[in-house]
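In the two complexes below, chain A is the common chain; its partner is chain B in one and chain C in the other.
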Partner chain A sequence: MDSVVTLEHVRKSFGDFVAVHEAHLSVGRGEFFSLLGPSGCGKTTTLRLIAGFELPDEGRVLLEGKDVSRVPPYRRNVNTVFQHYALFPHLTVRDNVAFGPRCRKLPRPEVERRVQGMLEAVHLVPYADRKPAQLSGGQQQRVALARALVNYPTALLLDEPLGALDAKLRQAMQAELKRLQREVGIAFVYVTHDQGEALTMSDRIAVMNEGRLEQVGSPEEVYHSPTTAFVAGFIGAANLLPARVVSLGEGRAAIAVAGDQPAEAAAPTWRAEPGQGATLMVRPERLRLAENGQGVSARLTAVVFQGAVVRCSLRTPDGSELVAHVGSDRPSPALETGRNYRLQWDPDAARLLPPPTQGAGAPLDAGVAGGSPVGPPAAASSTFHP
Partner chain B sequence: MAGIAAGGSRRSALAPYLLLAPGILYLLAFYLVPALSLARTALSPETGPWYGGLQHALSDYGMHLVRSFQYALTATVLAALLGYPLAYAMAFRAGRLKNLLLGLVMLPFFTTFLVRTLAWKTLLADEGLIVRALGALHLLPVEGRLLNTVWGVLGGLTYNFLPFMILPIYVSLEKIDRRHLEAAQDLYGAPASVFRKVVLPLSLPGLLAGSLLTFIPAAGDFVNAELLGTPNQKMLGSVIYGQFLTVRDYPLAASLSLLLMFFILLLVLAYTRALGTEDLA
Partner chain C sequence: MKPALRGQAGSRWGGRLLELYAGLVLLYLFLPILVIVLFSFNRPDGRFNFVWKAFSLAAWQDPLLYPALVEAMRLSVSVAAVSSAAALVFGTLIALALCRYRFRAAGAVNLFLVLPLTTPEVVLGSSLLSLFLSLDAVMGYWTIVLAHVMFSISYVALTVRARIRGFDWTLEEAAMDLGATPFQVVRKVTLPLIAPGIAAAGMLSFALSLDDFIITLFNAGSRVTFPLYVYGARRAAFPPQINVLSTTILAVSLFVLGVIVLWQQRVHRQNLRWIPESR
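Up next is the complex of A and B:
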């Protein structure tokens, strides 16, 4: 793979606190790559390791195949869009954008040509002679982008660049960023804690938790086939139930779940033995309610109409809580709280995750994880939970 | 007042004036009134035109005026050259020592100005440690001296006003958002360019404030030249002091004061204009 940014077994700690454990990833040319995780998960440190503001304790950082682990930031051909933009307050928009080319001592006509072109690309020509303090948040954000992209970096590093904008502007800027990224064809490494943002824009997402890379994959992969309970809970809403593997078949696994009730799930991608404990993950929108027949028995405890879907809370006989989203246009069967229903799912929609290891994903052992009910990727783009 | 007429809410419209009032009254009583009285003394000679006193003062003591500005300017430049690196080190490199260093910069204020300058007299004395050390290093000719020379006066002025240079520079450096430095490095700025293109321009307000706080009192100083120099290094401040308190020629002393104020004001305006006052925060 034609990789522009590579981290090889990178580890970084601050005193006793290990900010990044064994980060191992590579970003391809022109790829939109997101580092997603809650605050304090090490995503910003990972970005700073690529930029050169932090030096790895172990491992190597490579840019276009060259080891830059010990190279200072000003000799690395990557540029950063900082969280609060960090525009130079004493310089005009034009001089802010020209800062990089001038530091690299490009000939003056070349500097002017590039700056003008970049200002046009981000629609800032009328504001070229203003100071950053005279611009709105969205305009400042575009200056920050222009100031970084004008250097044609190997990769553009973005640290929660939309975090300071209001929800509406943020959505507009997401589209703008994506358009710009396609136009310039430069790899973006995008740090965010907003799963909706990551799902909408990314080619691939690296989900981080407590300094570890939990999973790296396309938005569809991390949403539909999470490999850990943490990923399942962090991206979208997920029902996570303790389960036991009964037997393994061709692409299927028979399991016992929710008080030893028999059920089926997709065969685990990890090495599992019959009799072993696991965590069952099913998205709320993949659960169906039936009045009788097959399926796991659960009692309906609450029904909330949410517009497109009806949110049903259920409790299994062993006390686990679940959430099912039922389309509000087809209210079959009649939903009555207090009654018992059968929960059914397509075995391919049910994933078996390895049992939680000590330390990682501890709060997500069972029950409903992920606070916000977010639909599949296509729907996620229009839903924000600031 | 305009504030009342403009606002529907009288109380909030009046508030700024009420807050300003004590300060304004104080300045009226203790600054404007004496200044006007000074101007009257200077500008109403017993004979001749109103500017006669000024003319006379300028022709007799113009040399002292020029010297005062030369010394003050030199001391300001020296203080900036000494103070900036120190302030920089305190703001960016001192770590836990920061507060200790800040305390040390302010420590001289615990001793009065006069005593500190008298101490310099001892330090710079002909048989003193500094003269002997410089002599041994052949940095000072045999029989060379520091006390009662221009170097003594400049040294004293620089020393006495150095904290007024350091503190504003320190504050403006401390205020610089460290992310701007990272952004500059990220945009290919080597350490020297980061300093020249980001740190220095962002600390200019502090340098400007420090220069004014050093230059203005240094130009009017009468202690350093008096104690560390000879009549050949006499500054205008000493002349005014002598005319007011010894000779008791009030019109001359008042004229000299007025001239000093006028030229300081002129220089300060030119200076702030050149550097841009909008950033003087």
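Up next is the complex of A and C:
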């Protein structure tokens, strides 16, 4: 079992507020793992549970297979990069980086060797004798990274580390972080509310909402095959329409949508019966507009030119609103508001999600149950079996 | 432009008046201190150093001439040191508790902290005296120290609390995250960062203890501190050595105060500027 961080059915509440329900996940060696969700979804609490700043009410936290649920932070071999870095203002850059090794009473030459190596890795040697106050935001960020990585942690925990930087610097630091992570080969557990950041950097993403893990998977999986409406809506833009399963075939499902119009979607990854309600999810860029032929009929209500794409707002006969992104260089068909068009899609691009009543409350089993905690779940369907 | 110019011209007299007024207030504040310093260089006629006669360095050359005065000074410094040390420990812990944790008694603790500052000293002194008497305590060194610790704790707690209000507690988490035990966290992070506040509080409580008169008078028994000696001296003899020792205290206080202020400014700048730019 090559899992460095494992949460087993962890639950944490503060008074009446349950911050984390049933968190169950594992992070593999050298993996870049993101906890993604809106603010207040429990992602920072999850990180603090791993760091040891919070103790779980139920469940276990394991580091390299050892139960550390009751071990204080200073005896856990994980290190944190804090949101505002929390650099020690009274210490120089070098002393900040040396703080961990010195606390652990490593021999002096070893401390110096490690600190020097780390300062070189993050290009901070010329600034080694400055105080944090004399550094720019990006430099402070690198000190925080060096100070954590110098301890060779089992996993590095990062709490929205790029949140305080401006957009341009953030992009540069994303690349830098990814490079550093590959170089040191240490697992990163990365908390962010920025879906773009999570998609760009992660090997796997855990999407959280209201203290629950909604889905765990690779960026491609959570984007193309979201298992809940929340994930579909939170990562990228998504059209979500109420639908009814008509029949199930080989990899395909015939459905009725938007006022009982027939359409096709990928077979659901959960147990669905013909006649059952579901939610249809199609990304705006996967919708095509046609003047006639097959497809769901909808009226074009607005057209907005956005550069690379034209954003088309449509309304189906039953009143559902849809958005389609059409390449702006494609002239046909002519886009005229008020006209009816046919909406077409590749059945593989249309996912059926369980209706909200079934999705909520079902315990989500992310990654561990499949036997291999590191790799993606064998099939998304395993997500819904206890 | 014009009204502004006229305003400036008109305010010239107002400005002069304001300067004069401010000068008079400062004079009023500092005249007693000036007199004390000045009269330490006096060669008085007889036992009382109240009338200027002639300039002399005699008292400065022999400041420890009167054993009773030296003994009073020694007692005052000793009481101030011991009571400040005790008040620093307790007061700092109270301040840390009030800043760090939300607890049910916090409001009550806040009230109790302000009480010794607002209660008349006569009340504090006399109630302490009755307490000590009912306990059959021997009045003397330790009753003075206890009394001083009592009011100094308030000053220390309030001063330290004011200084550590903006302290970033995630620094303690960061230290713990890097492997520092709770003891190492306090020694390597918390104390170095709040030390200027503690130093200022120590200075304040030392000065308060050194010059306390009323509460000490009630609880000193037969012991005589420096302020009690000076008060008693007005009847028997008031040598310029009193002025010399007072001036020395003043000089030392000003020096220490200056050092602490400079140090605080440095630490404060560090604390303010390390927060990452968020644009």
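Everything that follows uses one rule, which is that the second predicted complex is superposed on the first by the 356 of 386 C-alpha atoms of A that agree within 3 Å, B and C clash if a C-alpha of one lies under 4 Å from a C-alpha of the other, contacts with A are read in each partner's own complex, and residues count from 1 in each chain.
Here is the rule we use: a residue touches a chain if its C-beta (ideal position, glycine included) is under 8 Å from a C-beta of that chain, and two chains touch if they have at least 3 such contacts.
The structure presented is a predicted model; accordingly, all values stated were derived computationally and were not measured.
Asks: When the two structures are superposed on chain A, do chain B and chain C clash or fit side by side?
Replies: clash
Asks: Look at A:P72 in the shared chain and tell me whether it touches chain B only, chain C only, both, or neither; answer first, second, both or neither.
Replies: Both chain B and chain C are touched by A:P72.
Asks: Contact-wise, after the overlay, does A:F234 reach chain B, chain C, both or neither (first, second, both, neither)?
Replies: Neither partner.
Asks: When the two structures are overlaid on chain A, which partner does A:A51 contact: first (chain B), second (chain C), both, or neither?
Replies: both
Asks: Regarding the shared-chain residue A:A133, is it in contact with chain B (first), chain C (second), both, or neither?
Replies: second
Asks: Report the partner of chain A that touches more of its residues: chain B or chain C.
Replies: Chain A has more residues touched by C than by the other partner.
Asks: Which partner does A:F99 contact after superposing on A: first (chain B), second (chain C), both, neither?
Replies: After superposition on chain A, A:F99 lies in contact with both partners, chain B and chain C.
Asks: Which partner chains sit in contact with A:W345 here, chain B, chain C, both or neither? Use first/second/both/neither.
Replies: neither
Asks: Which residues of chain A are in contact with chain B in one complex and with chain C in the other?
Replies: 51, 53, 72-75, 78-80, 82, 84, 86-90, 99-100, 103-104, 147-148, 151.
Asks: Please name which positions on chain C make contact with chain A in the complex.
Replies: Listed in rising order, the residues of chain C that touch chain A are 168, 170-171, 173-182, 184, 188-189, 192-193, 267, 269-279.
Asks: Tell me, which parts of chain A touch chain B in their complex?
Replies: Result: residues 51-53, 72-75, 78-80, 82, 84, 86-90, 99-100, 103-104, 147-148, 151 of chain A touch chain B.
Asks: Considering the complex alone, what residue numbers of chain B touch chain A?
Replies: Counting only chain B, the residues touching chain A are 177, 179-180, 182-190, 193, 197-198, 201-202, 279.
Asks: Note which residues of chain A are touching chain C in the complex, please.
Replies: Chain A residues touching chain C: 51, 53, 72-75, 78-80, 82, 84-90, 99-100, 103-104, 131-134, 136-137, 140-141, 147-148, 151, 164-166.
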